[in-house]
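Common to both upcoming complexes is chain A, partnered first by chain B, then by chain C.
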Partner chain A sequence: MKNKNKTFSIERKQARWGFSFTLPCLLFFSVFSFYPIVNAFFTSLTNRMAVQRTSEFIGFDNYIYLFTKSNGGFSLMNSMRATLTFTIGTFIPMVVISLILAVFLMQLRHPKSKQFFQLAYYTPAVLSSVVAAAIWLILFDPRGLFNQFANTLTFQSGHDFLWLVNNEMLQASTMIVYFWKYIGYFVILFITGLAAIPPAIYEAATVDGSNRWKTFWRITLPLLKPTVVLVSIMAMLQCLKTFSTQYMFHQGGAARQPIDVITMNIYFTGIRNGRLGRASAMSIILFIIMLILTYFQFAVSKSDDVEY
Partner chain B sequence: MKKIVVSILLILALIAPLLATGTQEVDENAPVTIEFWTHEDANRQKLEDRYIEEFTKTHPNVTVNVTRQSANKLIELVQSAFAANQGPTMFNLSIEDEYQYISAGRVAQIDYEAAGYSDAKDVINSYAPKMLEGVTLDGKVYGLPLELTNWSIFLNKKVFRDAGLDPEKDYPKTWEDMVEISRKLIIREGDILVRRGYDFRYGYYLVNNVPMVEQLGGALFSEDGKEAIVGEKAWIEFLTFMKNWGPNGENLGSPTYTAARKLFNKDNNDIAMCTTGLYQEARILNDNPDFYNSGEWMVVPYPKFKNAVKDVAGCYYGHFYMVNSDADKATQKAAWQLISYMLSHGEEYLVNVGIIQPTIELLNSETYKNMPYSDVFTGDFARGHIVYYGAASAEIQALIRTSVEAVMLQGVDPKQAYLQLKTSAQELIDEQ
Partner chain C sequence: MNKFIGKHTVGEIIIWIFLILVLLFTLTPIIFMFTASFMDPRQILSMPYSWIPSTKFFTPVTLNDCTGTTIPRTFLTNFHKAIYGNNNNVIFLRNLLNSLIVAISCSVSTVLLGSLCGYGLAKFRFKGRTFVFMAIMATMMIPFEAIMIPLYMVTSSLKMIDSYRGLIIPFLVSAFGVFQMRQYLLTFPSEYLDASRVDGLGEFKIYWKIVLPNCTPVIATLGILSFRNQWDNLLWPLLVSQREKMKTIPLYITKFSEEKQTDEGALMAVALLASIPMFILFFTLSRYFLGGAAVYESRKG
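Coming up: the complex of A and B.
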């Protein structure tokens, strides 16, 4: 009995320390994330305009409006379509290819070449999104490098691939920029996951006569499942929150409709047009979408924890 | 008894300042800090930094903190700051973005005495007719113009001659001429435009493109303001023109290319004409003095359609200095004094920055008349009108942009784009 009390006391002591360590993070989250979410929800129930001093409580009118009207020509439905197209078109290839690249990098025997590739893939992630989009705006110019490269690849000259003009090309262009910028980040996450798998398991597989292909499918991938889930959720959330690339491209003259992702619509509705109540309703809807998709992903990938 | 007397005295002491506020005198020597937010302009910055330095020397109690941002960024920053009740003491924006601050009561009317006027009438009479219309509400004036700007067409004579054209005779008088001349001036490498004849100033549809619709008999709103996008035929004709101009039409220009105005000063044989204001002259001089002094550029009037039913030039817009109504009286007074001091240098602003402060005195001055091509701008002023400045002007502009992008870039049929524009704009107007 005495012993149990002692354990209980140690646990409490540890919990207290644990709590004190997480307290700054909790405070930070409460002030900079939780409070804005709650505040946005209450604002979404009003007709608040940026420049007006007063606002009225209008219940769920903003939500009803967003699902039934065109929001002055920039409907939420179009934004949901643009966001989903971008997310699906970006995060699935990003997860798959970053995994392949990570496995490829782990196979490299020479540490210097390994470091070089890691650095090369990761460098774009260090750039700010605005700078990255600005660079790609120049590259996608009809006289830019990307158009010339595409001409060389297709054995022609002077063809304008309309990177920022054609609807499909414009959407693809935003995906390319995002893919280029974030692939290195996810490669590093996968490398960390791969490095955590004990080499003894691979050695045992080799002794048992397993080839590389089989080892990857039967050992690497199952043991990497927690990292795959983490990376796919992070990548999906990042894609759902995409903004800078689309905004910069639109500022550079590209049409808004094909790439009017929800965050951009929130920005224009709230910051440019000053409709803070309506913009807050959109951000709450985006939050709910992210919550549902994350839950869905957890549910689909739900399985026992991996233990080595 | 003693307690009651003390209590009454305390209550009176608390109430006294409240009762006194009505007749409170502004302490002229109390320290005042002015937060001044304005858009970037290298030429103007030099002048205004000097004016502020001179002003603070004569008003040692005043500190001025200047924040400069790009014109587009400033619109958002000012709005966000006001939303958080942290707006700057004084600022300037274009009238179509600024009017909402007047209608929402967020800016103070001019302190006439501090600004050097006797009353509202005195201010209005100091400026050319109608110039303060956009900042006058119920007989009170809420802003003073930093600049009133209209755009005409700047032309590079060398590029014209290179294409075998005589700039003095062959410059475009109509939009149809603009197409015809652009075909001759353009140089392509396959589909890619290496040199453009002219390109529009995309993004500024209210200023630059709505007049094209008006020339064809259309309008942004009906006279009673209840119907949006009036004149189906005119709007479809305008959208068809833009469709033919773009990459899915004759491929004469596109919003995705570098803005024509940015290329013009460099004189690199990549653009022949662009749309811009008198201020461009100071910028050419600043960026490329050789080109400025070569006399190889000229300014011609805003064109009109051959079948125009109305002669309308590009709209003019104003940047007005305004003062935050949340600032205390002493700060407001100091801000109006500073504005008045800066604006008392109209000729210097004109010569060094190329911006027009439309006082009667300046417009009648020899300095204005001697500015190269000022007669062209004056002529276009007379043909134009002020840009639309309603509460939803930014949203209306975004809608027009969307419809132009739809026909030019996305290949949408002009009639369909018009119908979409009309429906969305009407929805906005009905909401007001």
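Coming up: the complex of A and C.
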């Protein structure tokens, strides 16, 4: 009886220690994650401004306003369009090309050269996004390197592609910067996925007389499908949160309207114009979009496990 | 792929061409940054771009100290301009220091708090453990961009605007850090812990003396990750830092690029200087950049 009591108390003591170890983080997340998101929701139902301390409850007026009005030329609809174009225009090429690169890298015979390419592709990701945007601002200058490069590709000379001026080109420019910065990172994700496929399967395929092309479509891709889906959603989530490139380009003189992504609109509405209520409503909309995507990510990563 | 040794197929040549083209695409802008930071702006925007800095293009630089004196240009003029700024204050160094302070404190605290919590979740049984874990995981779904406005209101009501506390405290620990530490520690042999308990070590001492020293790989990965996130952070300092001396490097670069007197060479010099800490980390610890962390890392954006 005495013994039993003792083990019982040791267990309780242990439990108390375990809980107290998690307590600092729990408190932290309560104050800096849960409280703000709840707060964001309640603020989005008010007309709170940065300057006045008073705010009134106005129900869903902010949301109705955002979906129907132009918000001084920078409407939510435009931001949705900008974010969506950017996301689709970036993540599809990124996933496709990084997958091709990863498959190609796996074919290299020397581990050294494989390592070198991985490292080199990854280098842009080491630069901060602001630095990346600064470099590309100069590359996209009318007399910059990228015009020369594009001219060589299209066999012209002296043609200005208006990278930072033309609406469509400006959007394409932000996509190029993002693509350049993160391609190496996604190559590594795919290489991790490819390395997990046991070589025995490939050997069996070769024995059965399959060529490399067939092996890729019939074996590699189906086995890699969960990784592809997962990486695509990750890439989409990341693209939805883009801010630095667009902000830096805008500050560098580019027009805001074509590249006014949601995060930038939140920043300008909430901080520059001080409309905290309206900005919170936008935040909640962004949160819901990302929540849906994250849900898909979890659903995919749970259900689609491949067994080799 | 041993089976292809000795055969240079057409496919292989295509592979090499493709790999090298992408290599050129990724490295050209970086090489551009290096070379342009030594050049006169006239040379940077001359067509075609000459890759080697040359004295041929050098034009004297007008000093921005109201006297209008000009000095001859050297290869280091851009860096001088980068450090002294356009109005001859050395705020760049202060901003660099701020960035270092914020990034280092955040990575140290992420490692410490993350491992403490991860250890608690991985190696102790207590009521509500699953709930705590799920709650922390749930915060991963809340993007920073969606809570920055209320977070800004919280920080301003705590009087932390425009201070190191305001820059650091919201990033003390990340849910991803807790998750990674927990996953790593799940495989940590409990026998060690029990043996230490028998030896009479206190619970906190066990964490500090046994658990922490045995997590080096995950500590390195996590430390680098949060260092990098903070070094890269533009959005939060944009909200919190108001005085020049509280700004961080991304803000400095944005401001510097907006100024009229900034030329392309000086901008590239600033960009290069701001990248040096990351380059040092990358080339000394590249395996922690490329390693297993990659898969989870992206969840943070």
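By our rule, the second predicted complex is superposed on the first by the 258 of 308 C-alpha atoms of A that agree within 3 Å, B and C clash if a C-alpha of one lies under 4 Å from a C-alpha of the other, contacts with A are read in each partner's own complex, and residues count from 1 in each chain.
In the analysis below, a residue touches a chain if its C-beta (ideal position, glycine included) is under 8 Å from a C-beta of that chain, and two chains touch if they have at least 3 such contacts.
Note that the structure is predicted; figures quoted are calculated from it, not measured.
Visitor: Name the contact category of A:268: first (chain B only), second (chain C only), both, or neither.
Guide: First partner only, chain B.
Visitor: Can you tell me whether chain B or chain C touches more residues on chain A?
Guide: C
Visitor: Would you check which partner chain A:32 touches, where first means chain B only, second means chain C only, and both and neither mean what they say?
Guide: second
Visitor: Applying the document's definition of touch, where does A:72 land relative to chain B and chain C: first, second, both, or neither?
Guide: The first partner, chain B, only.
Visitor: Is A:291 in contact with chain B, with chain C, with both, or with neither (first, second, both, neither)?
Guide: Second partner only, chain C.
Visitor: Could you tell me if A:257 is touching chain B, chain C, both of them or neither one (first, second, both, neither)?
Guide: The first partner, chain B, only.
Visitor: Does the superposition put A:165 against chain B (first), chain C (second), both, or neither?
Guide: The answer is first: A:165 touches chain B but not chain C.
Visitor: Looking at A:52, would you say it contacts chain B, chain C, both, or neither? Reply first, second, both or neither.
Guide: The answer is first: A:52 touches chain B but not chain C.
Visitor: Is A:214 touching the first partner chain B, the second partner chain C, both, or neither of them?
Guide: So A:214 meets neither chain B nor chain C here.
Visitor: In the superposed arrangement, what residues of chain A touch both chain B and chain C?
Guide: 141, 143, 251-252, 271, 276
Visitor: Could you please specify the touching residues of chain B with respect to chain A in the complex?
Guide: It is residues 72, 75-76, 79-80, 82-83, 100-101, 104-106, 188-194, 202, 247-248, 254-258, 392, 394-395, 398-399, 401-402, 405-406, 409-410, 420-421, 423-425, 427-428 of chain B that touch chain A.
Visitor: Please output the residues of chain A touching chain B within their complex, sorted ascending.
Guide: 49-53, 69-70, 72-74, 141-143, 147, 156-160, 162, 164-167, 251-258, 268, 271-274, 276
Visitor: Over in the complex, which chain A residues touch chain C? Could you list them?
Guide: 11, 14-22, 24-26, 28-29, 31-37, 39-40, 43, 97, 100-101, 104-109, 117-124, 126-132, 134-139, 141, 143-145, 148, 180, 183-185, 188-189, 192, 206, 212, 234-235, 237-238, 240-241, 243-244, 247-248, 251-252, 262-263, 266-267, 270-271, 276, 279-280, 283-284, 286-287, 290-291, 294
Visitor: Which residues of chain C touch chain A once you look at their complex with the stated criterion?
Guide: Interface residues on the chain C side: 1, 3-5, 11-12, 15, 18-19, 22-23, 25-30, 32-33, 36, 44-49, 113-114, 116-117, 119-121, 123-129, 132, 135-136, 139-154, 169-170, 172-173, 175, 178, 203, 207, 228, 231-232, 234-235, 238-239, 249-250, 253-254, 257-258, 264, 267-268, 270-271, 274-275, 278-279, 281-282, 286, 289-290, 292, 294-295, 298-299, 301.
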